[in-house]
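Below are structures written as structure tokens.
What follows is subunit A paired twice: with subunit B in the first complex and subunit C in the second.
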Partner chain A sequence: MDEVRLIEIAEDIHADNELVARELRIRLGDEKVFLVNLMSAPGSGKTRTILRTIEELQTQLRCGVIEADIDSKVDAEAVAAEGISAVQLNTGGFCHLDATMVAQGLDQLELADLDVVVIENVGNLVCPAEFDTGAMLKVMILSVPEGDDKPLKYPLMFSLCDVLLVNKIDYLEFDLSDFDVAKLRERVRKLNPEIEIFEISAKTGEGVGEWAGWLSREAKRFLAD
Partner chain B sequence: MHELQVTKRILDIALEHAKEQGVHQIAVIHLRIGALSDLEDEWLQRYFTYLSRGTLADEARLAIERVPIVVRCSGCAESFEVEKSALDEAVCPGCGGSRCELVSGREYVVANMEVV
Partner chain C sequence: MDEVRLIEIAEDIHADNELVARELRIRLGDEKVFLVNLMSAPGSGKTRTILRTIEELQTQLRCGVIEADIDSKVDAEAVAAEGISAVQLNTGGFCHLDATMVAQGLDQLELADLDVVVIENVGNLVCPAEFDTGAMLKVMILSVPEGDDKPLKYPLMFSLCDVLLVNKIDYLEFDLSDFDVAKLRERVRKLNPEIEIFEISAKTGEGVGEWAGWLSREAKRFLAD
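So, the complex of A and B:
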């Protein structure tokens, strides 16, 4: 009987994706494209938030969108209808985008004509958190109807995003919701003290200007480097 | 969840190392996975058993060590362990501060393997 021996490996399971993501960030640094990865649960208002945000940005920055969906092009059509460059990626059942898929999406856009590209990731608060897409900025949306306890259920997502957009704050005007924004802020800061939090309503436009202004400054700082 | 994709990576990494080291059979693969991950141990093993059929890792067992969530207090820099369900109430045992940053809990590592 052969002897059992131990082989040291110490290799990160996501190392291959992270390598592709790092290379993508270098390439986008050379090409001067600021890539934003937008993640959230289904129905939190990703598409409308993107449209509202780009509306604010597009007087100063040229914007494009990569739409990811398991199997439809509803969102890409909505974005393209606004005259914005959009690519649809169907993930073929995958619950998230990885850096290789994003690179393929970027190949379909005229990057020389763009300053900012927003990835609308697959609607899901679990899986997209684990895959670096090559973006410079990770943004998530939590909408009021989802509840202020979501940082407890999806701590990984909240712990690694640079920005949290609390969307649908127009719901707070009605007494229908017991969503506590102060409680949410406290829970999120526990996981991620550095995170930027903006309260917005993509429907009424409230707060979008402040968020878009911040994003525009971040993008311009990157593009000027 | 994406257990299938992750499992495929684990198998690829294990087979790569097995090939380099002239291994006949992989018996156990030790993984270190952060407690923040939602990957299910049972599904990792089921997918692994399926994907590894006919390879050097056929019938290998995945031994999964969960790396605890450790945070560092932004106030006094003390590190302490927190349960995933209690992240909300994490309070520094040193100074009572409640602002913390994550030190561990996000790991996804193939640590080592027992082979013949």
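So, the complex of A and C:
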């Protein structure tokens, strides 16, 4: 009986959230801010990917970051140390961000001075997939050590993202994880034929230019509209 | 307003679950089955760790496995292929297991023929920490590529587990992740001074004997009571 009750409640929360997310997207359209929701499991390299990506973007676009964690502010500190506008949201146990929390984060940034804001969602391949944050673009990271079978186990996340970043490709040469990139691509495309896939190493920088170039074009198209 | 409502609901569900978990633990005490709840982020190596551990235990203890995933049955198939009793629970989108789901899984195993049952929880460092499954022992895995900062970000999981398995220590020699084992231990002990920590590689087998030996002693103490 627990199960049924939980699902009903979740639907209510989702319905409210959809509304808030839609309103937030309209507000961001007016304010000309391109919002990106970055999701992954813990330890996939979200923070380092954000730093590398913004390094590439910042000659052309003004970027800010909303960091979300259950606890601590280590990620926002790491981002701010690079001179990037950053806000830390502590979810206090919550396993995902919703649109209301994101709106609270955005209120703390000077949006008039920003073109792109990247949300680093809570490290979790499950719950964040179910909540629209108001972002225009949903991006996920899968890192090589996590294994190429993850689309089979967390299909929703792979199904709804616009972009998959396969991170830590520098691990491939050590043959520690038996990771098969072709098999991964096949599994992901089966769930989501339209998804953009980039192979990167946020550590070495490999592949980041191509991904950042694509993102920059998407953001500029939005800002020019 | 969403936040407050969600917290209230979660407390109700937790209260019900505590009751079911307590009853399940009494039942397992009567039936002499030692239940282990294994939790980690996606891709930390839960399935391979279970296989390696049972390989060590099975000359002395009869072992079964409950696999939980949002979707797919690849893990249960991998376990069953090794001749181990396995049940797959598909949570249908749920991000964690609760005691009711675990009881349903146990109903499908021949408990009279088993001494130890290991639950492979949904890959998630957040939500499973909040739900008592009825297990006597809570074990978590953190794998080296995830990074040594994870106790700062997911403190609840580290605080409540009895055992931490630091997996994929074969990655340490490649210096890809800047992982500092001493720093990790310090962070974990600060949250949880009593926790047992084992460094293992489920792939190479390094350290698994020591962990399995400890687990075997705990299980036998329980079974002898």
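The working rule: the second predicted complex is superposed on the first by the 212 of 225 C-alpha atoms of A that agree within 3 Å, B and C clash if a C-alpha of one lies under 4 Å from a C-alpha of the other, contacts with A are read in each partner's own complex, and residues count from 1 in each chain.
Just so we're on the same page, contacts are C-beta pairs under 8 Å (C-beta built on N, C-alpha and C of every residue); 3 or more make two chains touch, one makes a residue touch a chain.
Since this is a predicted model, take the numbers as computed values, not measurements.
When both complexes are overlaid on chain A, the residue A:V122 reaches subunit C alone and has no touch with subunit B. Of the two partner chains, neither subunit B nor subunit C is touched by A:A81.
In the superposition on chain A, contact of A:G43 is made with subunit C only, not with subunit B.
By the touch criterion defined above, A:L19 lies against neither subunit B nor subunit C after alignment on the C-alpha atoms of chain A. When the shared chain is aligned, subunit B and subunit C each come close enough to touch A:P155. In the superposition on chain A, A:C95 makes contact with both subunit B and subunit C. Between subunit B and subunit C, it is C that contacts the larger number of residues in subunit A.
By the touch criterion defined above, A:P145 lies against subunit C but remains apart from subunit B after alignment on the C-alpha atoms of chain A.
Residues common to the contacts of subunit A with subunit B and with subunit C across the two structures: 2-3, 5-6, 9, 13, 16, 94-95, 126-127, 130, 152, 155-156. Taken together, the subunit A residues at the contact with subunit B in this complex read 2-14, 16, 94-96, 126-127, 130, 151-152, 155-156, 159-160, 187, 189-194.
Partner subunit A is touched in their complex by these residues of subunit C: 2-3, 5-6, 9, 13, 16-17, 41-43, 69-72, 74-75, 93-95, 98, 100, 122-127, 130, 143, 145-147, 149-150, 152-156, 168, 170-171, 174, 176, 203. Looking at the complex, you find that subunit B touches subunit A at residues 1-2, 5-6, 9-10, 13-14, 17-18, 21, 23-24, 27, 31, 36-38, 74, 84-85, 87-88, 90, 98-102, 106, 108-116.
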